[in-house]
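Each of the next two complexes has subunit A plus one other chain: subunit B in the first, subunit C in the second.
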Partner chain A sequence: MMSSRRRDVIEFLLNNLVWLLLVAVLVVFSLTVPNYFQIGIFANIIEQSTYVGVIAIGLAICIIAGNMDLSVESVAALTAMVVGILFCSRGVGLGYSFSPEWLVVPISLAIALGVGAVIGALNGWLVVGLKMNAFIATLASYIWVRGLVVALSGGRSAQDLAPSLRVIGIQTVLNIPLTAWVAIACFAGFSFVMAKTPFGRHVTMIGGNPVATFRAGIKVDRLVVITFVLAGAIAGLAGWLLAIRSSGATANLGTGMLFNAFAAVVIGGVSLKGGIGRLPGVYAGVLLLSSIHTAINLMGLPAHYTQMILGGLVLAAVLLDTVKLSIRQRLA
Partner chain B sequence: MSDLILQLDTIIKNFGAIEALRGISFAVKRGEVVALLGDNGAGKSTLVKIISGGLQPTSGRVMFDGAERHFASPAEAKAAGIETVYQDLSLCTNVDVVANFFMGREIVKRIFGIPILQERAMQAVVETAMANAGTRIPSMRTNVEHLSGGQRQAIELNRFVHWGGKLVLLDEPFAALGVEQTRRGLEMIKRIAGQGIGVVIITHIMAQAFQVADRIVVIRQGQVAGNIERAKTSPDEVVRMITGEGFAQPVPAAGMAGT
Partner chain C sequence: MRRIVWSTMAALALAIIAAASPAMAQSKGKIYYMVPTLLDEFQTGSVDAITKFMKDVGYETVTLNADNKTDVQQSQMNDVINLKPKAIVLAAVDFGALAPYIDKARAAGIPVMIFDRQITTTKSDLTSVAGTVEIGQIAADEIEKLLKTKNGAVKGKVLQVLGDPGDPYTLDIQKGFEDKMKAFPDVKIISLPALQWEASNAGTIVADQLVANPDIDLIFVHAAHLAVTAVASLEAKGKKPGDVLLVSSNGAPVGLDLIRKGWEQVEVEQPLYAQAAALAMFADKVIAKQELKPGSYKVLGLDSTLTTEAWGANIKIPGAAISKANIDEPRFWGNMKAPTEPVKPVE
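The block that comes next holds the complex of A and B.
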């Protein structure tokens, strides 16, 4: 039997392992990779973490609830394309505008969140209403939603986004782009919701034991649908940010983000069996991936190395998950 | 106000071709402890799930607190005042003792309309409840996965004691408890019944049933095989009802014996 104090310390380390890893990686790269240690580089790492970071939030919430949402990347691409088509003036853009002009900001954001939420609700209905396996249902959405993007755009792109929106993509605060602050704010907000509100508590408990939560009178089905709607809406936000960054949208915008987000979620300590994981850890996971990307770029390695390293990292993270589990069992 | 808290009237439950319950009728009075006995597979757990809203009967009526009720979910039954301790425990092992104790009924404070969990207040309540029941758990903040089977069962028992209600259903609540904890548990049940709460307890241990129950109901192959006051029967007779040996007289049809 171990003293409960020592156990708390070990628990704490296990829970925050990814932050330690992040610090270690940053220190090692700063010492070994030329030109790594610069404010600009760090700001760049945070900027790079924006889009993957945002979709990782929704993905993580779904996984913590004991489900899966593979459609988030395609949903982000769809909302980016919808925003592009409506509010771009060239390419497939229809160039809708409002007076005053800035109204385009809240309206486009509302549309992006709405489109994401609708796809999320559909996923939720497939999983809860029709009792489909979440992995399969959202894999299907991943494919057909991307298809819808191509169909909507006819394979062409939308360019020249409305000026009020483009300004958001250029602004920086403390050297960090406004869009990255949006991601940070999302992490802060949803971390709070998951840790401090009944909603977050119930979602976590559903991921641990859906039968027990059902018996306790928690509306399990409703909450699971809400997690899917949230994941969709958050992916919609990511799509909105993507459209702003690229001042429009292309049919293949954001491909590969799903895998990055997935890797970040797992590295960040979210267990695929559900019920375990914290959102700050997920953000650390995203930052860790971006740091590694940046180091690879600076070293001038070809891009496919990034993929190999990423794949290795995911394996390492899943392995770590298993190791942590066995350490925890020994603590018991 | 009727002195009956629960009345079951010809409850039938089929799982496909399996007839798990074949017309169960009996009643529970306020403040009465009814021990539900029967062999494995007799249908006891199924019956408990029907009363607590987890399953819907194929046919039959459930009268609770003076009115016919059809609980569509455990949430509805719970809201009406039915607390249940299930045979397979209902704990989330991935969260701590406090979170489990308050599952679905957390103490919150609204700030700008957002409900915020009040962890300290909840912890204080759980510590008091556990201390009153004599349950020792090192820290209320350890995840339940680190606790022993007995400690887990104690959490469930203390949880229902704390929340009270009008009717309590216990499905083999002492299976993982030690001698001392079982004694405390049995006392707890008597205390609860003393407050006017109806109790239905399922157990396979005859001694426990005779120690705590006012009345004994035996289920055999989905039917009531006996419904008798404890003072008017003996363990031997009950065993014969359970196994069906020397099963002489037919059971009173409406099962209202003892009411």
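The block that comes next holds the complex of A and C.
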């Protein structure tokens, strides 16, 4: 018979496995990769986690609710381009400005969130209203939204973002850029929402068993639509941050981020079947991926290694998930 | 609800039919331009340029975008061969993988002209290039001068940010650059690829390397849009224009803007307009399967050389190094002043 204390320890380790893995990876890289162990590199890792990390929050919420949103990468690219077109002064930028100048910050953010939310609402309507498969509906959005980016920009880029916005990408607090603090705040906020509020609990219940949740009197359809709107709006936020980082937008901005976000979500312990997952684990997954990317950059290894390691990590995460499940069954 | 769905589908069908309707304008026929991607400014610029210059000589251009996917471009080639156009202009996603499709098109009697991305493994009817290897070589010459001015000798540390490592275009530039730089053993080159040519990946590489190698003298990026995020990373690390030298290639408007602002010193241009105009100048002869005479030609005022190579007629138009001294010249496509004079076919 296992003592409850030992059981708690094992549960804690299982719940935070990805954080332990992250610490182990950081230690190994610090000891073996030249120039890795320094504050600047750790700050870079946190900064680089910003964009994929923010996208992964919305994606994780959708997956926890038992759905999927493949459009998040393209939504981020679209909002970056919209912000770029409106508030950049060169390329395809129209250079809108306000008096006082700082107004551009809340206005551009509202536009980015709004654009993302509208596409999220459309996805939600297709899935809930028309009963379309979420994978197919959001795959279509992934394609047409990227097409819209090219159509809006004509394949050209927008440069020279308004200085009031750029300052968010340049200023640091505790050596970490403000954009990264936005991501950290998002993870903290949504982790709280998902773990401690009725909304979060209901979303997790829907992912676990939507029929039982419906019979418990919870408005399943409405909540599912809200998860899509949230995923879209959060992707919009990621696009806003990307535009700030890039001082504008190019038509291929954010390409490949969807798969990194998926990898982070899976590595972070979110079950693709829905109903299981915690956002802090997702953040650890994103940090883990960025740590590996950075190590590969510093070692000067060909980029193919990143993709091979990424694929291997995702496989390992799925295997670990299976192992965790069997350990939990034995504990029960 | 059902009505909404049906109305939407009907509207979509009408839009597709309208888009697919043949153009009413009279022309000598259709030429298909197989563009590798529309996600970078050089390629989108090439669509406008080829469409304009081919129209000047009487052809209607239809463009198909392969989204940087070799298999998509292969399928497109198969489809287009069945449509029997007057000619195909190909800017290949993958130089080697498209060779059998060029053979197939030519066997079906459709001339194939190669734009920008030289294919030497099989015969084609005309190739118009600045030369990707040559772009790397020109960049090396410019970097040699910049390092000498900065350090008193050709020495220092160079960060080379490639495009996607699966794209032969960037590998050719790398080859041209590194082969030339071998003459300078005191120059250390760190080469890293920006996956999928994605700008923020380039920014990440620059940010990491500035921490790991704070003594980097110069950054060489293989496309101007990558320079934008490189500059964003420099700015975020508190650098000022000129602190770290920057060289880029392809001559896109973003690169020219960065030169004007002082962040970038040299942009190695691909002469997009001239490369496109050369194809139009020879289109009639290529389609009539007439011999193209080797020699010197003026293409939009640029001295160009047509040679007969193992892979067929090849016109090479030299790329130019753009710096603050010559940046305003309208011949650079990055200034977005497309020539208004119509191109005339070669007699």
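A few points about this structure:
The criterion applied here is as follows: the second predicted complex is superposed on the first by the 327 of 332 C-alpha atoms of A that agree within 3 Å, B and C clash if a C-alpha of one lies under 4 Å from a C-alpha of the other, contacts with A are read in each partner's own complex, and residues count from 1 in each chain.
Note that in this section a residue touches a chain if its C-beta (ideal position, glycine included) is under 8 Å from a C-beta of that chain, and two chains touch if they have at least 3 such contacts.
Keep in mind the model is a prediction, meaning the values are calculated, not measured.
Which of subunit B and subunit C touches more residues of subunit A: that partner is C.
Of the two partner chains, subunit B is the only one that A:Ala212 touches; subunit C does not reach it. Legend: residue contacts after superposition of the two complexes on their common chain; A:Gly275 is shown touching subunit B, with no touch to subunit C. Judged by the touch definition given at the top, the superposed model places A:Gln159 against subunit C, while subunit B stays out of reach. When the two structures are aligned on the shared chain, A:Gln38 is found in touch with subunit C, with no touch to subunit B. Applying the stated contact rule after C-alpha superposition, one finds that A:Ile55 touches neither subunit B nor subunit C. Contact with neither subunit B nor subunit C is seen for A:Val229 once the two complexes are overlaid on the shared chain.
In the superposed model, A:Ala134 lies in contact with neither subunit B nor subunit C.
In the superposed pair of complexes, A:Thr250 makes contact with subunit C only, with no contact to subunit B. With the contact threshold set out at the top, not one residue of subunit A is in contact with subunit B in one structure and with subunit C in the other. Of all residues in subunit A, only 4, 196-198, 201-202, 204-205, 207-209, 211-219, 275-276, 328, 331-332 touch subunit B in the complex they form.
Against subunit C, the residues of subunit A that register as touching in their complex are 34-36, 38, 40-41, 44, 47-48, 51, 90-91, 129-130, 150, 154-157, 159-160, 166, 169-170, 177, 242, 245-248, 250-256, 293-294, 297-298, 300, 302-304, 306-307.
Taken together, the subunit C residues at the contact with subunit A in this complex read 1, 5, 37-41, 43-44, 165, 190-193, 195-201, 203-205, 207-209, 211-213, 225, 228-229, 231-232, 235-236, 252-254, 257. For subunit B in complex with subunit A, the residues that touch the partner chain are 52, 54, 73-75, 78-79, 84, 86, 89-95, 99, 103-106, 108, 114-117, 138-139, 142, 145-146.
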